[in-house]
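Both complexes shown next keep chain A, but they swap its partner, so chain B is in the first and chain C is in the second.
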Partner chain A sequence: MPSYAPSAPASLALPRRHSSYFPVVFSVLFLLTFAGSYRLAQVQPLLLFDAEGRRNIWKFVAGMFPPDLSWSFLSLLGRPILETIQISIMGTVVAVAIGFPLGLLATSSLTFKGILNERELANSRPRVLLRKTSYLLARAALSLFRTIPEFIWAFMFVRAVGLGPFPGVLAIGIAYAGMLGKVYSEMLEHVNPGPLEALQATGASKLAIIVYGLMPQALPNVVSYTLYRWECAVRASAILGFVGAGGIGQQLEISMRMFDFSQVITLVAILFVMVAGVDALSARARRAILGRQRV
Partner chain B sequence: MYQLNQVSKVFGGRTIAVDDLDLKVRRGEKLALIGPSGAGKTTLFRMLNLTIPPTSGTLLFDALNVSSLHGRRLREVRRRIGTVYQQHNLVPRLQVVHNVLSGRLGAWSIWRSVRSLIRPQEADLAYEALSQVGIPEKLYDRTETLSGGQQQRVAIARALVQNPEVILADEPVSSVDPALAAGIVKLLIELSETYRKTLIMNLHSVDLALAHFPRIIGLRDGKISFDLPAAEVTDEHLAVLYAGSQTEIGEEVPSLAELRPVRSCQPRLTT
Partner chain C sequence: MAKTAPQAAHIALPRRQDLLSISNLMILGGFFALMAWSYVGTEFSMRGLLGGESAAQIWTYIKRLYPPDLSQEFLLKTGYWTIETFAMSFLGTILAVVIALALVFLSSRNLMFTGLLFEMEGRRPWVRAFRTGLYLGAKSTLNILRTVPHIVWALILVFAVGLGPFPGMLALGIHTGGVLGRLFGEVVENVETQPIEALQATGATRLQILFYGILPQVLPDFTSYTLYRWEVNIREAVILGYVGAGGLGQQIQIAISLFLEHRLLTLLLALYLIVTVVDYLSASLRNRLL
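Up next is the complex of A and B:
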């Protein structure tokens, strides 16, 4: 134990406060960015209120009423609505199928870091290199998948496989695989490592550790996030119709192009009900899972 | 069973956790490791159960040099060593039966392991192990609903099902009610006697160690301070072992636990 000399008035000398310019610099930069964006993005709120703008808005809103609820129009919608839901479900399934394995590879605590790899990778540079490479490749693939918006993916897949729901499924599958894989890997990395270490010490293989230690711990979050993504997929699959990838969006695009706003409002209302329904459904599923967890 | 020659473990290139340690453990022996926190006991255990490799020195398990093992052969050796941890290290959401049977993962194929999650394989084995530790009625309970002492019993049952040659128990009673601690230590000793296992235990409690173990090793600063039969351990030995460190034990542990939720910016993913 070091002894503290009582003679020196040590308590009076406050520890030096670390002052830095970073907060100031960042604040100034932020203000400049904001001002620049305001100009460059041509933000002109008054445009909404000038004579021309008001006239257009009025035309749009007035055209919406009364909503088109004629049977001849509604009977057209059954198939697109079903198609939208199916695209979202199949798209999410494809996204999980691609995203989950990539997510595992992109989990550093599984591939090359931490207690699960310390012994295995000790004094073996080639193995470390191999593991790191696969980790980086998985990360790169995932970020490529998600930086390209699903809309662009759909555009490309329509060119590749033709019009219809299938390019929509592929677009959601690929774009969402990127998001799911990234988030899965983060969830898996933050699982309590203690049980994993214990499983490893019993001689369990890595796959067994994933099944018995990792998944049971991460499952509530994984399921809940996947359901959330499914909700997003319903919204997205409604939009994908704009580039010819089937679903209710195709109908929406036709009605908009024909300035038939009374049909547009009907379609928007249907979309709203669909998203709200999916929302309620997944909230219920989530509660069931999380609730069971607390018992 | 174990032979350690000049084993050292250095973390991050400068923190020496275990320093040039020589140790021999015979098959069937029962020994307790005591020493102040930070003495390197847990690090030593992690080397003994082949979780982390020594930085230098050689570690022989059953006359087998384990330093070059990896993959399947490493797992086969790990199967022969059972570990009971301070924090139980069970999966809280799984049923007790699965946590117990996870001791069999080293022996099962992956398909069998997955099937077992749906329909427990060898459930009778799990039941038998739970009966040994005195809580057979908890077989299908969710593990997180059990008390700390019961969870530690589940962890011991997991080690029994694994049927290893050595049981390493790393502070198995530190997170258990002190009244139950002696019971769990006794249980481990009885079980390892019945099944002729080697037992190595880390203990915070000197009293428990001296009362139940024939051989005591004092560890301080990663070095062996003494290695004696329990009867020959004197107050002087203990005074040297714990010199200047008794006060830290009480202070360090809770403060770390308090800091953890503050420091982490991640949402808690495990509840």
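Up next is the complex of A and C:
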């Protein structure tokens, strides 16, 4: 995530005028896409304001109050709330376990590019090919994992291994492995190569280079990004229950299907508190980690 | 001016960090305790996963997926659903930008009641109170939009306006509007103050300051956040299909529920394609525009 603290004024130079067709082409394409999408998505803004839509929305809003705070309902929620947190933690652990090795393989500076591999790969074509193939395979796997949303993964895992929190963990694990692996590989590619080369010059093995040269540099960012993803995982695992993958989403779906909106608002409030709490916790941890790095 | 030799940093030995300090060990212990708790709580089974029952089940499921259903009729339909999903994400993102832009300036404290622009306004507390009220209203609206998950928005809207991509697009727009509003707000609250100060010194009105001092600074970040959220939205558009909001998601839901695995694979391939295309478009637009 970029940080925004430019110290210099935005632009001292006068803006250059350069003519190109890009703005025209872009605007035309944009308008065409907009018009096409508008038709295709069957947009009918008036539907929101006609009598029935209004009545439905009103029924919904009126049904939300007062929120259902009865003990019989709240006592149902303790276990799903904990389960949601557990799914997110275990899912993130699985994601790291899958994503980190794949991320290493998908780091070009480790597998086939740059000074680290020059000597090893100098005169052996099969080795180069092998390395490149593993790199491309790792990238393809990561991209497949992260392109399919965790919700769909959960849906399929529920079909494959049955209901419960376990498919939820697998879904988060697979989908987030894709995102983590990609970002890890980007972080590893952008470390300062100096220490790595120094280590190599002393004759250190690849593993030693990774452990003593690469990880100390990349670890703060890696941990911080993993924590950020954990926040997202909490949010995601809260809705995985919709397809039967455990957690608070299951209760949310039941309440929605029964049109019991007073329960829905209680659940959304709980969700809000949970997510805000996790955000605060993770933000603190990340500040501590990244702060220590600067000392 | 302190003169420090630039090499000093490299020559000095790194400060010894005690890796095994009590606090580090406690963090590590707590982490493992959390992990164990989650392992038990989620009925996670390593044995089942590696070579046991679950592995076999997953493998059977994967085998049933192949081959994809490539009949021409189904491919055409898949194409239509794919474009429908794209349309949902596209319009949803535009709606989100509209909502976010409508609320973001009201929800930025440096434009509403504190800081440079309002230094001279200490004597009219009621105006200040009014502005603070507006700020709080806008801020809490954004919070509500953001907090309610998009799938809940979709359920509400399907309930209100019926099935189809329209409620899906609205749900995406409303939820993402809240998210973008917050991201935009952070950008606006962190703008450089020098141009604003300079404009104010020339006697510019607040509206002029907004147009010439603030917007030019924040627009690149706004664009880049919007494109990023578009990438997220194409994935979420698929999820919303689950509650009847049309597009690929709905078909994937049908295919999974009715055990139409060959069709499912085709749909998943289409999903992969459209997500990759949107990621690519967004990345190239970002490079082009910024």
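Heads up, the rule we're going with is that the second predicted complex is superposed on the first by the 268 of 295 C-alpha atoms of A that agree within 3 Å, B and C clash if a C-alpha of one lies under 4 Å from a C-alpha of the other, contacts with A are read in each partner's own complex, and residues count from 1 in each chain.
Convention: a residue touches a chain if its C-beta (ideal position, glycine included) is under 8 Å from a C-beta of that chain, and two chains touch if they have at least 3 such contacts.
All values reported here derive from a predicted model rather than from experimental measurement.
Trainee: Looking at chain A, does chain B or chain C touch a larger number of its residues?
Mentor: Of the two chains, more chain A residues are contacted by C.
Trainee: Classify the contacts of A:L252 with the two partner chains as first (chain B alone), second (chain C alone), both, or neither.
Mentor: second
Trainee: Check the residue A:N117 against both partner chains and state whether it touches chain B (first), chain C (second), both, or neither.
Mentor: In the superposed model, A:N117 contacts neither chain B nor chain C.
Trainee: Under the stated touch criterion, which partner chain does A:S143 make contact with: chain B (first), chain C (second), both, or neither?
Mentor: second
Trainee: When the two structures are overlaid on chain A, which partner does A:S185 contact: first (chain B), second (chain C), both, or neither?
Mentor: Neither chain B nor chain C is touched by A:S185.
Trainee: Kindly classify A:L219 by the partners it touches after superposition: chain B alone (first), chain C alone (second), both, or neither?
Mentor: After superposition on chain A, A:L219 lies in contact with chain B alone.
Trainee: Which partner does A:A208 reach: the first (chain B), the second (chain C), both, or neither?
Mentor: Touch partner of A:A208: chain B, not chain C.
Trainee: Now for A:L199: first (chain B), second (chain C), both, or neither, which partner does it touch?
Mentor: first
Trainee: Which holds for A:M156: it touches chain B only (first), chain C only (second), both, or neither?
Mentor: It touches chain C, and chain B stays clear.
Trainee: Taking the stated contact definition, name every residue in chain A that is touched by chain B in one complex and by chain C in the other, in rising order.
Mentor: 295
Trainee: Could you pull out which chain B residues touch chain A in their complex?
Mentor: Against chain A, chain B makes touches at 49-53, 70-71, 74-83, 85, 87, 89-94, 98, 102-103, 105-108, 110, 113-114, 117, 142, 145, 155, 158, 162, 244, 266, 269-271.
Trainee: Flag every residue of chain C that touches chain A in the complex, lowest number first.
Mentor: 15, 34-35, 37-39, 41-45, 48-49, 54, 57-58, 60-61, 83-84, 86-88, 90-91, 94, 147-149, 151-152, 155-156, 159-162, 164-166, 168-170, 186-187, 190, 192, 194-195, 216-217, 221, 235-236, 238-239, 242-243, 246, 249, 252-253, 256, 268, 271-272, 275-276, 288
Trainee: Which residues, counting only chain A, touch chain B once they are in their complex?
Mentor: 1, 115, 118-120, 122-124, 127, 187, 190-192, 194-195, 197-205, 207-209, 211-213, 216-221, 293-295
Trainee: Spell out the part of chain A that touches chain C in their complex, as residue ranges.
Mentor: 4-6, 9-10, 22, 33-34, 36-38, 40-44, 47-48, 53, 56-57, 60, 82-83, 85-87, 89-90, 93, 143-144, 147-149, 151-152, 155-157, 159-161, 164-166, 168-170, 235, 238-239, 242-243, 246, 252, 256, 259, 264, 268, 271-272, 275, 295
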